[in-house]
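Have a look at these structures, which come just after this line.
In the two complexes that follow, subunit A is the common piece, with subunit B as its partner first and subunit C second.
Right, the complex of A and B next:
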């Protein structure tokens, strides 16, 4: 009887409003603003490379995109499912060398070799997933470290695809038939290789983000977060926790592989030692600094972590205390080659201390402030909610 | 519907459950009573597959022992935890949707490519979750993050999460622990209402003797992993072993317990 008394007042317009909202929550774009944002984003993917002439900036944009894809994969595993891995670089390597084999040696077309790097990355992850997911916490990290060394060993010894220690060159085809990203001609204007690649890479970033948002808003995404929050309770709710963790690992590996394939397309020369502990750490730092378990975290993290060292190197002469080669000038300063390490470390410490939710959280807060400025009465609605 | 036979659970040399036998009928509200360390939660852990005991547990004729927790959930058994089994960073609605995991279709790949049937099933689950929240009077906190809610509401969310899987058997582990009298009363109303509406069979662990005596159809009393009494509240109230185990064996407290239990019955 107490129930009927308390339930009744809730059956009001409030309920109707909530009801109508539930339809949209699994949708890709929850609001009109997001739909516009998505359209603008797609437009930028084409507009930026075609209007920015500076090849250095375009190439930097490509690098950011590639690292973002690898970090999007890692974010699924570490951010949503809560399983930490330093070994994402191994799957980037698997993708890169699969690219060498399929695009370089076999000379397959883009629509074959690029999806293949995605699938092969996922398959490689499927092989090791059952091992790493048996462990938790620190043991998992240690095992992923081991995985890096095993991966490097295998790469170095598969000389046909990897060139051993000396690296290997490949020129993957980037043609879709009607459109060649490697040799882009729009309206009679010919664009550079990196400009075309920029479009391809950022289309992949967009597709990866959309795929992950779709997963996040549905059953699989909730299962991953449930495992991260309380694994036993997730099992009791009927979630096959081992199965979900293995799938998350495979997804991470697949996006890593895709990033590797694109990295090969960018550099056209890859070397086994690129895919070691440094890249593994860098990717994890990207995910953490950007914000674990957020949609934009990997992209924002990649922009910060992979751009700043490159920018610092490029513009070293304008930045105080930064020396290209201070052994000769005799002045005291930070050598340019080590700025990257310094920035990873600094960024990680600052984010951990001041904003463990990652930089993307600032963007979220900023966005919410903008929105509440736009419509003044919305803030009143939020106050009423006991959150 | 639930048959437990010669159930035995050991941790190292410690015997947590010693040859426990009982059965629960369809639609019953079956309570498990016992002092701390009697093996009540261990018994629940056996029922939900978190530990591997010896003996036999059958639900609707299907053996539970040896199955994984998520497989047992799929057999229609849901449970709550003594210290809350919620997902703290998720909203109330999301918690309930995790609870209805088994009712929703779709995996990682089909969701990623926006396969239409996945999203149909998703929308249906959201509608069901809203109905459940309405029943449990949770719509007001629908989009609140669980960690920010008061304890009493979180307990209600956990029940909603458990019944979202449309179970036939619901295991409640000390659902009113830490609640005051008024909160307990409201909570019991919710549980009884849910039981009626969804046709649930409930097994309940509880320390609140008065409450158990009032609402349970039958009671199983445990002490040191052994069954010391099984029967209706009136029978348990007369059982001397239960009285001794629950409040100590001195004559004075015996009298007090009987008073307490009689008071509960007549209430």
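Right, the complex of A and C next:
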């Protein structure tokens, strides 16, 4: 009798541990505190653009959000399903040019053209998915490189939508009927285009993150992880691995397309060469640096990778060893235009060498430390674990 | 007809340079078991170092190229010793066997930024000894530079072939590619093998970079490392790890690209010549995926 009593709590502790293991880093929020944090985040989406006056910071926030959406898509494919692709930039391009066609040329309303970029990105991915997913590892990367080159060729030559080499401008409608993000008026105050766009973009980021977290809990999400961990075992367990991989690729393409549509809304001018290998690498680096297979990874990665070069360009005069342009040659320094490349390279090398789980892992550890400081109960459970 | 011969000549000289870059990848894959993109950075650095030694420090041209090759080899060996060999098994599950590839991609962008920081973004002339000379045979004009590209590359490839087939190091390299553990048990030093591989890769990359920088109308540009991506079809077409395969793949790639730019009508659109090899590659990979996937799985590249 006494033995069973001592065993019981151990077993429940064990079960609890198992549960907490399935509740891994893909959770949007693990604790009550994080739920409050999420609510605060939602408030910030509205509060930041309406209170920050600096247009440069707002537009930087918009850029981070757009790259985060594209990286969230890539993270589904690379982080959860374990298939590496450099060709995410192609789908961003598809979304942007679909936006040009639907919002610019056909002048459709926001509720039509923005979801359409999402769907068209997914359709484009559906066309090429069967090609790339039959291959593995290096071959997959080489084939995705091929997609970039072929995609650029197609973009350059569909001049009606893309303007060829010279690019094309479009001003998509951002009106939701009761609320026009392009020309926001709150409480009698008029706000700028970028401020409205900030709200729209970060609402899309939040929706994407919630969608991905929920997807992760479904049978489909678990199938993807099974494929990543052991493809043959997943097949034996009855998972249609090809079907799941194609679906993951389509989801990645769809989020890429959405990011493309929003990019068009931000820049109101897009050019075929934006969607080449550099953006493809940048998105993969965002996903890797932020942390593959984590919920917050793409957002954190986007904040680091796309913000630092922009900030360096803006505040070049205050940073040593940084040249604003090439006019003062003779003096050795890093030209501002190269800071981006340098950061991508350094971030990728340092993260791969020192923290292969990605930067979001630091946040996770930091959060756990904070929580264990905050609550004494957790510590008691930890003490009981070894028994 | 004259046009055809001229296109063939420049196609062969372009193709043999692709072959050199592809061989850099293939040799590293054989010796270290990882797919490494660093040769792309070495192509870029090799060309700029040649410029530095020959034009700025006015050393002899051959000496400059040789010194550049030595520096690039040293960089490669250092990278292997202190970076790439420490990476195995690191990273997220889906990228752990690609960690070397990702780190080398990072190094490529660092190299590009470094080159622009040190030498600036402008085009330079490398002052090569053959300049714009042409040889006229009947009505056909062939650039001396094209002939030298082929001769030098074939010479280097001959040396590689001799090393791989007829020296102890070469035999060790092939043994290590077959079965690394058995090779090590037989007393083959993996450090010597990888150092030799980096020396071969450094020499091939510097020669390719130098030759690409002398291309007429090309010159020395900071985007020279893009050849690491454009030469990839040559590697895949050639079957990843065989030396003759890389040469065939490179020549096929160079000829297809040159013929396409020479003969394909305007209606095919802009950039068709550079997209065509990738279309061929995609079709090939799709038609024959199992064969390629098999080499990959055994190789763990």
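The working rule: the second predicted complex is superposed on the first by the 346 of 387 C-alpha atoms of A that agree within 3 Å, B and C clash if a C-alpha of one lies under 4 Å from a C-alpha of the other, contacts with A are read in each partner's own complex, and residues count from 1 in each chain.
The definition used in the following text is that contacts are C-beta pairs under 8 Å (C-beta built on N, C-alpha and C of every residue); 3 or more make two chains touch, one makes a residue touch a chain.
Here the structure is a predicted model, which means the values were calculated and not measured.
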Check the residue A:368 against both partner chains and state whether it touches subunit B (first), subunit C (second), both, or neither. neither
Most subunit A residues touched (candidates subunit B, subunit C): C
Can A:107 be said to touch subunit B (first), subunit C (second), both, or neither? neither
Taking the superposition as given, does A:146 touch the first partner, subunit B, the second, subunit C, both, or neither? second
Once the shared chain is lined up, is A:229 touching subunit B (first), subunit C (second), both, or neither of them? both
Touch test for A:353: subunit B only (first), subunit C only (second), both, or neither? second
Using the superposition on A, tell me which residues of subunit A are in contact with subunit B and, in the other complex, with subunit C. 229
Applying the document's contact rule, which stretches of subunit A touch subunit B when the two form their complex? 1-3, 6-7, 10-11, 14-15, 18-19, 22-23, 25-26, 28, 211-212, 214-215, 217-223, 225-226, 229-230, 232-241, 247, 251, 385-387
Applying the document's contact rule, which stretches of subunit B touch subunit A when the two form their complex? 48-50, 68-70, 73-74, 78-79, 81, 85-90, 94, 97-99, 101-102, 104-108, 111-114, 118-119, 122-123, 126-127, 130, 134-135, 137, 139-145, 148-149, 161, 165, 185-186, 189-190, 193
Residue numbers of subunit C touching subunit A in their complex, please. 35, 83, 86-87, 90-99, 101-103, 105-114, 116-118, 120-121, 229, 232-233, 236, 269-272, 274-275, 278-279, 281-282, 285-286, 289, 292-293, 296-297, 301
What does subunit A use to touch subunit C in their complex? 78-79, 81-84, 131, 134-139, 141-143, 145-147, 149-150, 152-153, 156-157, 164-165, 228-229, 277, 281, 284-285, 288, 291-293, 326, 329, 332-335, 337-339, 341-342, 344-349, 352-353, 356-358
